[in-house]
Amino acid sequence: MMIEVTDLVVAYGAATALDRVTLSVAEGEMVALLGPNGAGKSTLAGALAGLLRPASGTVTVGGRLALIPEGRQLFPDLSVADNLALGGWRSGVRDPSAVYDVLPRLAELADRRAGVLSGGEQQMVAFGRALMSRPDVLVVDELSLGLAPNVTAGLARHLAELNRSRGLAVLLIEQNARLAFELCRRAYVLESGRLVTEGESAALAGDPRVAGAYLGGAIT
Amino acid sequence: MSAFLTYLLNGLAVGCAIALIASGLVVIHRVTGVVNFAQGTFAVVAGLCASSLLGLGLPHGASELAAVLAAAVAGLLTGLAAVGRPGTTPLSSLIVTLGVGVLAYAVEIVLWGDQPRSALGLAGSVTVAGARIQTQHLLVIVVTAVAFVALALFFGRTYLGKALTACASNPYAARVVGIDVRRMGLLAFALGGLLGGLAGVLVTPMRPISFDTDVTLIVNGFAAAVFGALTRPVITLGGALLLGVAETMAAGYGYGSHQLEIALGLMLVVMIVQAGRHPAISQEPT
Amino acid sequence: SGGSGSGGGGGDPIKVGLIVSLTGNYTPLGSEDKKAVELAVEQVNAAGGLLGRKVELVTRDDKTAPDQGIVAYNQIKGDIDALIGPVFSNAALAVEPLAQRDRMPYLSLAPAQEQVEPIKSYVFVTPALSSMYAERYLQYIQAEGIKTIAVAWDSKSAYSVSGHQAMTALAGKYGVTIAVDEPYETTNSDFSALFQHVRDSRAEALVFWGSGAPGVTAAKQYVASGLKTPLFLTASQASKLWLEPMGAAAEGMTVQSAIGVIGEHLPAGKQKQVIEQMAGPYRQKHGYPPPQFAQDGYSASLLLFEAIRKANSTDKEKVRQALESMDLVTPNGRFRYSATDHSGLSPEYISVNTVKNGAFVPTPWAAEQLAKTVGALG
Amino acid sequence: MIVRRALGPLAAAAVTLALPAVLDDSALAVYVLLGLAAMVTVGVSLLMGYAGQVSLGQGAFYGLGAYTAALLALNGLPPLLGLLAAPVAAAAFALVVGLPLLRLRGHHLAFATLAMQLILLSLAGQLEFTGGDIGLQAIPPFSAWSFEAGGVTAYAYLTWAGLALVMLVTRNVIASRPGRALRALATSETAAASSGIPVGRYKLAVLALSAAFAGLAGGIYCFYTGYVAPGSFPVLISIQYIVMAVVGGLGTIWGAVAGAAAITLLVQGLDQLANLPGMPSYAPGVLSYAVYALVLIAVVLFLPNGLVPAIRRLLSRERPVKTR
Amino acid sequence: MLAVQGVSRSFGGVYAVRDVTLDVADGEVCAVIGPNGAGKSTLFNLITGHLAAERGAISFLGRRVDRLAPHRRARLGMSIVFQAARVFRGMTVRENVMVGLHGSTSAGFVAAALRLPRHRRDEREIAARADAALERVGLADWADRPADRLPIGQQRALQLARALCARPRLLLLDEPASGLRGQERERLAELVEELRADGLTILLVEHDVAFVTRLADRIVVLDLGRVIADGPPAEVRNDPLVLAAYLGQSA
């Protein structure tokens, strides 16, 4: 298992954000995590990356984990190139040219301070920075946020490609449930800190409750 | 003309001494986001150590080296108090460094007493293009130049330098990519202590040092460091030189009793003019 | 409130208040004052006390802040029979009106002229005022045949501001012209401009007013500057705190001092004896000769003790009267307070020295003058 | 609920009124200075804790108020006029210097205010009419109509009346439209501006208000001590106010008062202790410095939100507390 | 209603917005789309006054506004929901929204400090209007929570309530749907439709093409700071330039 979470409880002060959550992601698997605003998805992502301490339960990660955090979380005072290079802190990768191949726009912006980039450009940097660590498992807290449709499509394709070629495992939190279902074979649904459903994407997409809440009728 | 050159050269030396204090402030703030009010203390500790060691008969060079190392240790200890505890906000850390500075008074009084001390430095003076400058001043200029080139290269060019910078730029993100923010903070404080110590051993021969000299030292250093936004070594050096030269020129051309007003005022004007160029929107997250 | 006025009655000790800076900027001064006053109290108690009673010291810290001086005074005023006061002029001036209001005999350790102009009946000053130092230097300068001088002064220090003022006012009287009049700030760390201006002038001597760090900084840079015009330093530099950092570079420089500093060069007599009465034990206890501030504190103590003895009581009005008719030789020289003079000293008790072999030695002129002054005391 | 809310302030008012009557002169001197420090600190807390603007020069406004009142009184104007002029002058000065200085943010603003104080002190120490380094002496005691403040008790009441006024004004301001605007611009000047808040003008206004508080304290100070000098307003005093605000709890009015009280009493307590007979000669320095520093560090590290929020949490465990 | 004429802005020599001309009619919902970094947010900042235009003119309600400070433009009736959620820390949700009414009320420091009657009246009215706005975006239950702890989605709703309660004439929405899930997105779309029905003029930036197509009367496409297409949704969606620069194969 790449990610193994058992009975995880995480609290902010008195408020419990995750309540006995158990889930797993196998090697080479792409799994989606759905849920409404405030369900605790980002909290789970933070706990996986070791940024939040669990109140109880266990989190085990079976390889190098990289996180694309909520809110991008770049180094605003550093250049795009330096942001990417620091993504390689754990892996020792310093040269961002592989990322530039995936996201050519970043090559143009290499010397720009990350703090002044547009929202979407920042999202690209966050994605590229996570790739720099050559992860075995990638936790993506929102992939398409602020990205133009053609960029989103490109990144989704790239994730699928990495999954195929290098066996990259992915836990994907994504606002666009359709995209998530397309990309991931399996999905979990989190509501108010509890796992409410899990299953094959195809089955979930067919479930009227899930479809109503996350596929959102006419839109998307 | 040679009068002007005298003022200029000596002003540069004064500015360099200020810059050395400021450099430690910059290093620590750049990495931890903390304004280290104990920075003057590092210089005082080193100055007092050096004067004691020299007094014990240790040769020059060895004494100063030991003193600088002592300051680095002081820096590390300050760091442990200020950023050693996870979750300490920069404002809390700032107050802790204030506290450390005051605590150091007590330690210094016990070890060295409350009377000022001095150390002997390089004697004599050198004449450059008709202008005289003390040898010790020249030494300060050289050391400062080396220190700042090293700092600029370290932060601007090296990977470790960038990782250190990243820690203050966004500590959360630093943890996301796996940087140990706490350890980097301690490293920065030790480095800050080292630079403060360097300033201390170089300044002691020029002026007596007592336990509370840190206040005088930090005011100018703070001015220069803020000028460089507390993050940029080269601009900080520029600010320090501006201060130093403004002071000597003011004294040279008949405003000796208004040096402070002139130097600080000038600095304020430059800052305010620059601030006008940065709209608020570009300082907030996109 | 109000003290235990009626003296005599054996048992209970005489309480002397001491407020000095024990923290903050003036700590180096205040702590020396404290050591000296403690020494004086020890000595007087060893000799059986005053009026048959022990003397007890009640010490408070003014933290080098005027308002803390007031807090300190309020804390002890009900307890004490007399006060030896702050060395920091601002704190001394803050305490002064309270002491005057409470009719508290008050010997100030601060040299500010304002304390005795106008005279407040209960307020007396012990250190020599800077105007006296100024006048003494002018006498020396005249005697040396110098006509033109340069004066540098710290525009942030009351001591040096009023010294400079007195010098400017009195220069004419001694036939001296001031060619360079150069203010600087306490925090100044570079004096090349001053030396440049002196070099460009006709000045035959440079008188440097300042205390603390600038005294050392300027003197060191003076040596490096290669300036030939002789440098005259004031009494703030007459201590090991200046001598030690200067090292050999100080040789031959001219430095003023209170008479106590050069006690060993005085002819035997009352003055020398009283200086040694303090200097010996002080050196023994603390390992170095008493600096100027210590002598001020010790002199203040002697003055107060003598006043209580003369008043034969700790009644505050009687002590005040005794002070006002005081004539006493102290390490600072002979004090003669009167209803019109609450500073008591005169310039004759100031020495002008040169540094020889790392020590202050009176110049021939000063040696001669002092011999005359001291000789008159017997 | 309302009764419970009013209980705290009522109790505080009762204690405030009772204390001057029972304390002796020596304790009252501390009480007065504590009240004055609290007055300035409330302003610092308003400026820093609510509006997010750092001033390292609050001591300058304190001094400005003191000098203003002193100069007016020394020139024969009624002390009451001097006392009223003190906050006005401080606020007016804040408006003038704030115009350029408030274009700066964060550390730049902190430095600029510090520099302002250094420059003012330097000028006060050199100008003729401010009495130079020696300062202004023989300031008459405070009087209004037929009342003349004779002893410390009168100043204690005056100070704490002033403090009550300052706290009331602050409370009213923060819980209202301008107060919300201040808290908003502390987070985001752009979002605040987009809500129609004239950011620059509000920053000026809050600086002026906090300066007025400091000025009022300075006015009382000058009559109380009868003496003002540059040495009364060192730069360290401005830093002390920030320490007080942080220790008490930024962004709460009571925190400012608690912080001022805690620090003042700690300092005085240590001073008394250090000067007890039998203490070694280095005790004053070492105790005042070391113990003070250790307590300060411990409080900041272990109660990062300050004393008042910590006490509140203790008192009302059951209710969730709103902290920042 | 809004007329942007030949407006440009560069950063360090690179144009983020270049010679953009744009007219928005009263009651219109106009969407601005374009690749990342095309200059959409910059254009919004120019319109609201957070950035100064280097060239060109901006008029609002027939009046030149390009020299006015942001808060003055806000008071004329412009409200913006920023791309990054900017909630005010240390304040409750209700207080956050009450700030939005700053421009339409007037009690100042003196009135507040003295608790004048006018100030109390103002406060009552502000609170009532804030609650109405919270109701409208579905945040009524959250009114007393500290705002900075809200999940992202609620923070965006909060921003919208803050913008709405000022009763603006022109509402600028910068990616209002980002971070919202299906159902929430649907609710937002309905709200925008309601607002349009109320006669509000809306300028909208959004990368969700379906969302935009459903709501917008007209779409303007920016690329590299320039307008490359302007027209009704159906037309713009099939514009080859737009397909190439923005929509890619996913459209």
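Letters A, B, C, D and E mark the chains as written, and numbering starts fresh at 1 in each.
By our rule, contacts are C-beta pairs under 8 Å (C-beta built on N, C-alpha and C of every residue); 3 or more make two chains touch, one makes a residue touch a chain.
Being a predicted model, the structure only gives us computed values, none of them experimental.
Participant: Could you run down the chains that neighbour chain C and chain D together?
Facilitator: B
Participant: What chains touch chain B and also chain C?
Facilitator: D
Participant: Applying the document's contact definition, name the chain pair with more C-beta pairs in contact, A-E or A-B.
Facilitator: A-E
Participant: Taking each chain's centre as the mean of its Cα atoms, which chain lies farthest from chain D?
Facilitator: When every chain centre is compared against chain D, the largest gap points to A.
Participant: Can you compute the centre-to-centre distance for chain C and chain E, using the mean CA position of each chain? Integer Å is fine.
Facilitator: 73
Participant: How far is the middle of chain A from the middle of chain C, if each middle is the mean of its Cα atoms, in Å?
Facilitator: Computed value for the inter-centroid distance: 75 Å.
Participant: Any idea how many Å lie between the Cα centroids of chain A and chain D?
Facilitator: 49
Participant: Cα centroid separation between chain D and chain E, in whole Å?
Facilitator: That gives a centre separation of 41 Å.
Participant: Among the residues of chain B, which ones contact at least 2 other chains?
Facilitator: 105, 114, 257, 260, 280-281, 284-286
Participant: Going through chain A residue by residue, note those that touch at least 2 other chains and give them in order.
Facilitator: Chain A, residues with two or more chain partners: 116-119.
Participant: In chain D, what residues contact two or more other chains?
Facilitator: Touching at least two other chains: 122, 126, 188, 190, 193, 199, 285, 289.
Participant: Using the touch rule from the top of the page, what pairs of chains touch, sorted by label?
Facilitator: Listed by label, chains in contact pair as A-B, A-E, B-C, B-D, B-E, C-D, D-E.
Participant: Chain B touches which residues of chain D in the complex?
Facilitator: 100-101, 103-105, 107-108, 110-112, 114-115, 118-119, 122-123, 126, 188-190, 193, 199, 235-236, 239, 242-243, 246-247, 250, 282, 285-287, 289-290, 292-294, 296-297, 300-301, 304
Participant: Which residues of chain B touch chain E in the complex?
Facilitator: Those residues of chain B that touch chain E are 279-281, 284-286.
Participant: Looking at the complex, which residues from chain C come into contact with chain D?
Facilitator: It comes out as residues 1, 22-23, 27, 31, 34-35, 38, 59-61, 63-67, 70-72, 74-78, 88-91, 93-94, 96-97, 112, 114, 155-158, 161, 185.
Participant: Could you list, by residue number, the parts of chain D that touch chain E in their complex?
Facilitator: Residues 169, 172-173, 176-181, 183-184, 186-188, 190-199, 205, 209, 251, 322, 324 of chain D touch chain E in their complex.
Participant: Would you mind writing out the residues of chain B in touch with chain C in their complex?
Facilitator: 3, 6-7, 10-11, 13-14, 17, 105, 114-120, 123-125, 132-136, 205-208, 210-213, 216, 220, 244, 247-248, 251-252, 256-257, 259-260
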